[in-house]
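These are the structures, in structure tokens.
What follows is a pair of complexes built around chain A, which joins chain B in one and chain C in the other.
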Partner chain A sequence: MRPENYEAKRQPPSNEFELNFGPNHPGIEGNYAFRVKVSGDIVLEGKADAGYLHRGFEKLMENRLWIQNIAITPRICVPDPVPMEVIYCLSVEDLCGQEVPARAQWLRVLQMEMSRFAAYLFYFGGLGSTNGMYTPHYWGMADRDLILDLFEELCGGRVYHIYNIPGGVRRDIPDGWLERVSSTFDYLESRLKDYDDLVFRNQVFIRRTRGIGVLNQQEALELGVTGPNLRACGLPFDVRRDDPYLVYDQLDFDLPTEDAGDNLARALVRRADLFEILRIIRQVIKALPDIDGPIRAPIPNPLAWNVPAGETYQRVESSKGELAWYVVSDGGDKPYRAHVRGPSQTHAVQVLEHLAKGARLEDIAQIMFSLDACPPEVDR
Partner chain B sequence: MSKELARWMDDLLQEIDTLKFERKNERRVRVDVDSKSVHSLLELLRGRASFVHLSAISCVDWIDEGQFELVYHIWSYEMNTLVSVHTRISRDSCSYISVYDIFPNCAFYERDIHEMYGMYFEGSPCMDKFILTEWDGPPPMRKDFDSEAWVNEHFDWQDYHPDWLQELETQGGGIAIHPEEQRFSRRNKE
Partner chain C sequence: MKNLENIPVEQRRRTNPLAHVFDEFMAFCQSRSLFMLHYCTGCGAVELPPVMTSRFDGERLGISPMVSPRQADVLLVTGYVSVKTLKRVILTYEQMPAPKYVVGICSCTVNGGMYWQSYATAKKLSDYMPVDIYIAGCMPRPEAVISGMRDLMEKIRTGKADSWKDYFRNYDHYLGQQQRLFGPKWQTPTDIIGEAEHYGLITKNTRGEHTRLLEEHQKRLEPLEMRL
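Here is the complex of A and B:
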């Protein structure tokens, strides 16, 4: 062996180690792996690894009737299922040129805001537990359960409601349901003070999250960040306000923002959002009894329903950010293509990899959860 | 302000010859463009007209025409308008150029399209498998991939007849799904 031909085998530096987060760990709301390379407790590099929840929904939808697909849609995001149903219905209605009755539109807004509230409670619980505080988790889950009870009364399902169908909603609300919604949310509002004491005014939480996972405006725009994570960087954008759908243009609400762009800011934006949700829900409860009329536009025989050929791109604001669907019909009884653009597809992959670089190992789970990523949305 | 901008953009887009422009409603614009001009159009829209947010890239397999359709959905926070740029790529060449230098967040969508449709994007930062890590079959979202046929070809069907079920069936109960009624049936094998 001549010395010029000899190449030393490259070994990784002895201070670098690889560590697998997941696929099961408390840092995220599902099965999602994150492989980090660490030196000491500094993360040099992180790589997202998805696929543990892939069920091929987009392919499944191409093989099922338009009406059958409603049962698939809420399963794409478990913690916040209503926007998925609504956006699918909006797409089909847009393709058919169908008008949705006013009462159904207000009912959809009510459901979406209830679902958003439940998803935020879930989020606070998870964020607390990544910081070693488990009480918010128990409280969050228990309070979320009250909202699930309301959904159960409305449509029979707690998590997957399948209440929206193209043209409107399945059935009208039960007697006295609005009063129960009102009293439940009054109770939840009275609970927010306790959450403040426990989490948002807690020095342990504040010192633990301030300055961690900082994302500035430039990076946020380049990486395609949307929703509350974008508002935490000081950019007041919301699909509800800027690209309104349903009856959001008739509702009065503000967009809370924070400037820091760190984990604390992302949590505080969502906390401030809760009050806006309460405002919207109260407006809907006030307006809904005066809106009479049908809850559903007539649809053709759903088993032989050919949707006119065309394509549509619909967007709604889910609790995680901008949710969009691109639906193509070739005039047949099944969708030709349904493409789901979930907000987590940017948050859980590129943004997370960007924020993990240089972070400390103990902050990784917290950064992951503060972005509120939803793995089933990435895998689909 | 925003209305003037929108009119300015309408005029600009109508001036370009190879481009088909259609305003669908107040906040949705559809543009059909040749695959060679997509990058310059996107750069123009991003640089001059504030379309900084790439919402998604969708791929549609038009198998009868032998083409893939790529759709770039881009949004302007200033004009509150979404432009969908449609382009067609031959199914045989099945490769295209990444827009990573214009929209850095395209990486996930391009990786996803590569995985699901087998279309290669030159210049994209990572074309590794992401969701279908252990998959070695053809790209599954293509229209010529039949998942039912794939299952029948690659997996053995097993009868599930535990004792308790046989007992029920002798009494006339149980789950009565005959093979010809099953969705993934064994009809072809027998």
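Here is the complex of A and C:
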């Protein structure tokens, strides 16, 4: 960039300035941009600028076989990929009327909760580093790697494990894997005390986040907020409990809530969620050895698999919120239409624009991270 | 030192014996402190924090993230680049000071990967900017990333990582590819030809039909309009 290529634009005198956050900015999560208009350090208006990660998933899926689509579904949300596979499989099973064996259902629950734990550790790291604390980021990544190792042993992939298939899961668990899961999560539980000392009881963190980005219940419902962000506003809604899928109705867990609706409440809800995830994982580990049987229902030849015509809308709870898919089949070997309703679409665009009004400039990145949006899911 | 600056980079090695020693020392130093640009361009970016943090620890090799393109040496293109991102990637690349290196991580930068059918992504990264090292995989493990970075370090130390010179020497080709994708009025505020003259890297492929088109369109750039 050469200064002589630039010419100052004459503008009427004003104390309003316009700033671009991102896409190449350390305070932005992923490849995402946010444009703000500031006066002093108060943000007057913000505008989300998404589309840097658009790959046209919904169109790509129309050109692939039902079985091929499993491989591209986890790419929609990178930090938490398992719910994407599971919900695609649930949609296809619903269209075909397939019965999933009990053992596969328990294995899916176990995977989803492990993935949720890993996504939360990723989230705490990001939230810590927006406040200038890098240690939670380093610890969170190292602890997340232990979970990724378990996934690698189960299915070969660290992040994208294409383990689910319509009708069940691809293969059974290795010998002694459940003991290793159990000991890993025991270790992670013993680490949570350190996270509390480092972040959640840290006065720097509490004073930076308390009362920032307040969302009340009415606004949250109008803007379509779901998941932990909704529970931080005092509304205990969760698809796992209120519209149970898989075997969540046989599991015993609570839904932690907070009333404040600010950044601190959003972090504390996720912090309290970790205990519930540990409870679910322990119940699954206890129940899984007693459930025998196949891990997969028989499926027809995958290369000539005509799914019966119809449409379905399935939803699951991912670590970001309520994730839903609308899949239409015209009776052919490819989906006629597949639409993703990701939780991040509302969190990263409407909610962020709403919360940015009147916020301080230094809190914008923190609000963005505390909403835990996932930019690839916005763009798809 | 002042005399060294007068010799174009390309001829230093051949003419001045002192510069020969000096260049090798510089290449060693450059290979031991690589600052990666903190630009997460795709899903491969999720495997970069494990590379940097406690378990695989890239900082023991002198590889560390840097937030600004002005201070970075390595541009990591982690995954698919959509057309909207590619404009920013090229602008970022041109802002980085030479010597600069590009690492294409994930299969999507090699040939489009899983998105070869997509209407929104650029398929082959080396069509639009020169690439030093490709790391294949979807996504590559952190060990693979570290191994690729060690290959890059070795290439820099032996003076073989010269993709940035390739960009100056064949600027017309790269600009033509970019114009084919973004339209004939595509331009960045960077003066590549001026920089190529500075480094003594002007060849017969630096200027051409596409750069003439650029000069026709080129006028003093207005500040970017923000639509709120």
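Everything that follows uses one rule, which is that the second predicted complex is superposed on the first by the 363 of 380 C-alpha atoms of A that agree within 3 Å, B and C clash if a C-alpha of one lies under 4 Å from a C-alpha of the other, contacts with A are read in each partner's own complex, and residues count from 1 in each chain.
In this text, contacts are C-beta pairs under 8 Å (C-beta built on N, C-alpha and C of every residue); 3 or more make two chains touch, one makes a residue touch a chain.
Please read these numbers as outputs of a predicted model, since none were measured by experiment.
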Worksheet entry | chain A as common anchor, with chain B and chain C clashing or fitting | fit
Fill in: Vertex chain A; arms to chain B and chain C (CA centroids, nearest 10 degrees)
90
Practice prompt. Would you sort A:Gly56 into first (chain B), second (chain C), both or neither based on which partner it touches?
Written response: both
Worksheet item: Of chain B and chain C, which one touches more residues of chain A?
Response: C
Worksheet item: With the two structures laid over each other on chain A, which partner does A:Lys37 touch: chain B (first), chain C (second), both, or neither?
Response: second
Discussion item. Looking at A:Asp259, would you say it contacts chain B, chain C, both, or neither? Reply first, second, both or neither.
Written reply: neither
Discussion item. Which partner chains sit in contact with A:Arg75 here, chain B, chain C, both or neither? Use first/second/both/neither.
Written reply: second
Worksheet item: Touch check for A:Tyr313: first (chain B), second (chain C), both, or neither?
Response: first
Fill in: Partner chain in contact with A:Glu362 - chain B first, chain C second, else both or neither
neither
Worksheet entry | Nearest Cα pair across chain B and chain C, whole Å | 6
Response to the item:
Where chain B and chain C land on the same part of chain A: residues 51, 54, 56, 59, 63, 379
Worksheet item: In the complex of these two chains, what residues of chain A are touching chain C?
Response: 1-2, 5-9, 18, 20, 23-26, 30-31, 35, 37, 45, 47, 51-56, 59-60, 63, 71-72, 75, 78-79, 122, 125, 137-139, 141-142, 144-145, 158-160, 376, 379
Response to the item:
Contacts from chain C onto chain A in the complex sit at residues 37-43, 45-47, 49-50, 53-55, 67, 69, 80, 82, 84-85, 88, 92, 95, 114-115, 117-121, 138-139, 141, 189-191, 194, 220-223, 226-228
Discussion item. Help me check something: in the complex, which residues belonging to chain B touch chain A?
Written reply: 27-28, 52-56, 58-61, 71, 73, 75, 77, 80, 82, 84, 103-105, 107-109, 112, 116, 130-133, 140-141, 147
Worksheet entry | chain B partner contacts - residues on chain A that touch it in the complex | 48-51, 54, 56, 58-59, 63, 221-224, 226, 235, 237, 242-243, 311, 313, 315, 322, 324, 326, 328, 336-337, 339, 341, 345-346, 349-350, 378-379
